[in-house]
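Heads up, the next two complexes both have chain A, just with different partners, chain B and then chain C.
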Partner chain A sequence: MIEFAVETRDDGIGVVTPQGRLNMVSARRLKEILSELVAGGTHRIVVDLGETTFLDSSGLGALIGGLKSARQSGGDLRIARVSPAVMTVFELTNLDRVLRARDSVDSAFDD
Partner chain B sequence: MSRRLLAIRAIVLLTAVLGLNYVIWRWLFSVNWVAWWVAVPLVLAETYSLVDSLLFGLGMWRLKERGAAPAPDPDLTVDVFIATYNEPIELVMRTARAAKAIRYPHETWVLDDGNRPDMREAAEAEGIRWITRSADWAGMPRHAKAGNLNNALLSTEGEFFLILDADQVPHPDILDKTLGYFNDEKMAIVQTPQFFENVPESDPLGSQAPLFYGPIQQGKDGWNAAFFCGSNAVIRREALMQLGVSRYVGEVEVGVHRALRAARAVLRSARRDLAPDQQEVRGALDRILAEIRQARRALGQGEPLFDVTYAFQRRVAEIRRELVTADLTALQSDLAAIAELEGIADDPDVALGTVDEDVLQQLAHRDWSPLGAVETVQALVNAVDVDRGGEAQAVMPLATISVTEDMATCMRLHALGWRSAYHDETLADGLAPEDLATMLTQRLRWAQGTVQVMFRENPLVQKGLTLAQRLMYFATMWSYMSGFAALVYIAAPIIYLTFGVLPVQALSTDFFARLVPFLVVNQLLFIVVAAGRPTWRGQQYSLALFPVWIKSFTTAFGNVFLGRSLDFAVTPKTKSAEGGRTRWDLVRPQLWAMALLAVAALVGIVRVAVGQAPVFGTVFNVVWVIFDLAVFSVIIQAARYRGFEPTPSEVPEGAAGEPHEGAA
Partner chain C sequence: MAPQVETVRDAAVEERRQRAVESLMLSEHVRHERFDRITRLARLLFAVPMSTITVIDGDRAWFPSSQGIEATEAPRGETFCDRTTDLDALVVVPDAQVDDRFSDLPAVQAGVVRFYAGHPLRDALGNVVGTFCLYDAEPRELEGELLGAFGDMAAWAQQELVASTEMSQAGRVQASLLPAKAVRIGDWEVNGVCLPALAVGGDFYDYGTSSGVIHVGLGDVMGKGTGAALVGAGVRAAVRGTHAAVTAGVDLGITVTQVARSMLTDLEQAESFVTLFEAAIDLDDGYARYVDAGSGLCLVMSPTGEVRRLAGQDRPLGVLPDDHWTEHESTLEPGSRMLVFSDGLLDLVDDEISWWVPIGDLMRAASDVDSLLASIAGLVQELTALDDVTAVAVFRHLPQEASS
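What follows is the complex of A and B.
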């Protein structure tokens, strides 16, 4: 099973931390969480993948869906703390070439 | 290797050798260059047919008869999707009930693109799930069946899914017999035959495709190129999602590069038209041009694209805010053009990566006001940027470039290194069109889809495919060009019989000694690979539908290269309303061809009688005419066909389905 920790920081940045396996079953939940955040006015979001043990292409699809909502409302979505195992999933689809993983959640919106 | 395969290979080799021997000799020694206007088209048509035969032989070389699949893992999660748009609710429910009764544990879904309350009620009353498009699709390109499935993929979560057309009633064991192939982790698709139960044994409309759903698919399977045909197939979700994400990345990359190029041209043109006193505006445009240069440089250096576009969009937005005060009046006239631009991605036939270079060029050369130019830059980049403003879903796992999404999707999966399998056992019973008009529409749609893929993503140059896979995809596309060859095969005997013009040097012993053995082994190959399945209908229709094949080519060409509409129609699943009247108007070109052939034969005989034509050449051509007429006779049968009336003796058996593979 997977849990999602969601918090909105004082600077208005939302942080979502999927804890466990982010696969085709949990991807939809992530997508909903991200849309709800954006709809609620949080346009800058960091997805912290540091506690994600497994990721598949449906999970990537949910991240892209969240990125789309965030960008459309003038914000952005960043990913942080990607483990090497999870990174290989990004590499299989070339998503790593366009979406840069940040080292830490705190610095994700520094640039 | 089985004895059957050994025999097939021997005949394939013999066919290739005899075919090359004939056609090369024709080119070198037998073309009657004096009558080049008929001689050259004829030798080209013969060369076309030889290539078709060689590609067919290449498939047969690796004919793969898989037998039963291994037992599946008992704990897989599976969705069964029934795609519907406007089919009668009872017809959909018949399929849905059978789907629910499939033995392997699964969830059944009706994907109702028509968003019909009655459909929903009927499905849910029997415990079947119902889905229609989500709100994201409002005002977005719908992409027909591919869009319907893409929508469902984001609302469901099974590891595998079975796709069924609304009229394909599945057998209870369809999943038990196919899921085992997915024990292979790289297996993405398992296709089973499309067989139609409402077709008499004589199959007047050529609905069953016993050669395609049989040896042709088995041959492609041998080269890991078994086709996905849109229905009766099980698919691994991860494969399709991976494809969707990687396509998304590729299209965004291409799109952003093009958009930045076009944006630069728009700004330069706006800058040229500035009055000398518009210093402030010129400064702003220059700053944006600098931003474009910067963005392009960053992308060139491999900086992550999403970072680059994010920074770019923010800076342009800032500069634009400064400009608004400077220039409001000139903006009005530009707003219309900008609205048009935002519609770029709304054309259902245009994927983002394929946004037409010409459209961008036209935009670039319009006379923009400075603010209009800046707005254009923003709209351009938005249209193709990360968020894909013009699409309902950022990720579209099923290909949307073609009206038949199946072939393009399958080819892309193969290019990513996934595998497919063809399981040669009928596991669903479908309904075929029962009248000529519907049948012709359906064939045209398949042909157009295939030709579109060939024009947009030529398999011969796709990275990631093996040479054999490229050729297997190309073979199907090649077979659709038979319409042009058919024209020549009809015209050549007519021209000889009426005017005495011979396209070959001589109808000599040498000519027949090379031609006849080739024709004989070619037919022998058909007989051996078909192993008792009927092939004559398929051979007839590959010639007799020549106007359809030609139209598919010209309309797909117009669509892909000239931006015209395809006049796409959904294949109706019920008989069209005007049953009863024979629609000769639908087959007018074929009737003309038959009349001309018959008249030419008579003229030829008269010419022999009055001593104006040689006996031998005339007899040869009259035999040719008779063959052509026998082929075309199927059109008369088809036009007179009044629909299926089952009789106890006419329950067809065996595999069959989509007859879009012609004979050689």
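What follows is the complex of A and C.
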């Protein structure tokens, strides 16, 4: 079962770290976490995928959903530390240009 | 810590079992009334203080339902259920303190459990996905009518864990929407297979010919189950409505963009998106036009056996509201083979990064579309797919192959 570390940093950026497999069951939880963050006023979110070993289309859906609601609130959602295996999922769906992978969590909002 | 019971675990069996457990898609940390009903009744009927339905998941045993036990999970190796799962048989332990298969367990050492009865719960393929258990702090027996009743309640628990009649009926309806039989025209042969992970799935495919053009489409709706299936049926119908225009020469990028526009509200409301590969192939000369909407999973094997990918740069339907899709072209020479599939297949091949290598090998090894689809279905059965697996194969045989 997947765990999520959620942290709001001093600069107001929310960092969510899913640990394990992001499948249909855990994607529902991720979606809730992301909408709670946005509803609570955290509009800039980094999803740290450094500890995510598997991501399916439900996981992609949760990320795209979070991206949409963050942007609607004037913020953004970025992904960081994507493993090569998980990267293939973004590349195949051509979503790597919608959600561009960043090298580190700290620099995810630098540009 | 001494292993009292023969627990030489077959790695392949365990891997398949673990995948089967994951495909149950059980939510943790919520009450499952449909399981609680069974364990409550079991406690009453067998007059035991504790009853659980247990799932062995990775290195943990967790309880979708438990009565009389505070914990929601335990380390796998410390549970009776782990051993029942490995034994794959009904286990009745009148007194665990004198049973050297179980006397080392912490619950026995602590004097909390002396009697144990466990029944394996299996999925349709025979994988042990859970156990139904009774426990007592005092030694006792389970015999005669009560033993029979225990078996009956285990069958009920198994039904609740793995099956749902309504869902399998929905699955039959969905299967009936797929093309009923293969297309065989001249040197061309087309067939598809759709193997949903649950009773109904989010994948769909379609093919059909009109005026010398064959249309092949394969879509994957984000998510699984009935919701995804309903969205898939909508997209499939919308795409089919464009076939006549595509045959007449309308750009496939334009028709897919139209489909995306018409589906956008539905997709946004369902918070879903769809990857789609759609192709129109001229049966005379093999000229193929295609659109890749975030699918990326189409391979073409040339007559000499080289495999290339047909892919585009376009996104799935339902991601961005004002998106556009572009038609690409290719040619299927005599002796070419094309395979379009959903990402569920990637999960079943050894090399997920260079997936086109093992899948290309499957394409090369097949003698016709049906044997290729059969080898894919074999992988699904062998490895218990977690996601829907769908594939459509198009073979253009060499003229002499078809006539021989």
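Throughout what follows, the second predicted complex is superposed on the first by the 111 of 111 C-alpha atoms of A that agree within 3 Å, B and C clash if a C-alpha of one lies under 4 Å from a C-alpha of the other, contacts with A are read in each partner's own complex, and residues count from 1 in each chain.
By our rule, a contact is a pair of C-beta atoms (placed from the backbone, for glycine too) under 8 Å apart; a residue touches a chain by one contact, two chains touch by 3 or more.
Just so you know, these numbers come straight off a predicted model, no measurement behind them.
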item	value
Three-chain arrangement built on chain A, chain B and chain C clash or fit	clash
Which superposed partner A:D111 touches (first chain B, second chain C, both, neither)	first
First (chain B), second (chain C), both or neither touched by A:S57	both
Touching partner for A:A85 - first (chain B), second (chain C), both, neither	second
Partner chain in contact with A:V25 - chain B first, chain C second, else both or neither	both
Superposition clash, chain C versus chain B, among 9-17, 45-53, 135-143 or 189-197	189-197
Footprint overlap on chain A, where chain B in one structure and chain C in the other make contact	24-25, 31, 56-58, 60-61, 64-65, 92-95, 98
Contact set on chain A toward chain B in their complex	24-25, 27-28, 31, 56-58, 60-61, 64-65, 67-69, 71-72, 76, 92-95, 97-100, 111
Contact footprint of chain A on chain C as seen in their complex	22, 25-28, 57, 62, 202, 220-224, 271-273, 275, 292, 294-297, 312-316, 319-320, 343, 346, 352-353, 355, 386-387
Footprint of chain C on chain A - complex, ascending	1, 21, 23-25, 31, 56-58, 60-61, 64-65, 84-85, 88-89, 91-95, 98
Partner chain A, residues of chain B touching it in the complex	154-155, 157-159, 237-238, 241-242, 244-246, 248-250, 252-253, 302, 304-307, 310, 385-389, 393-395
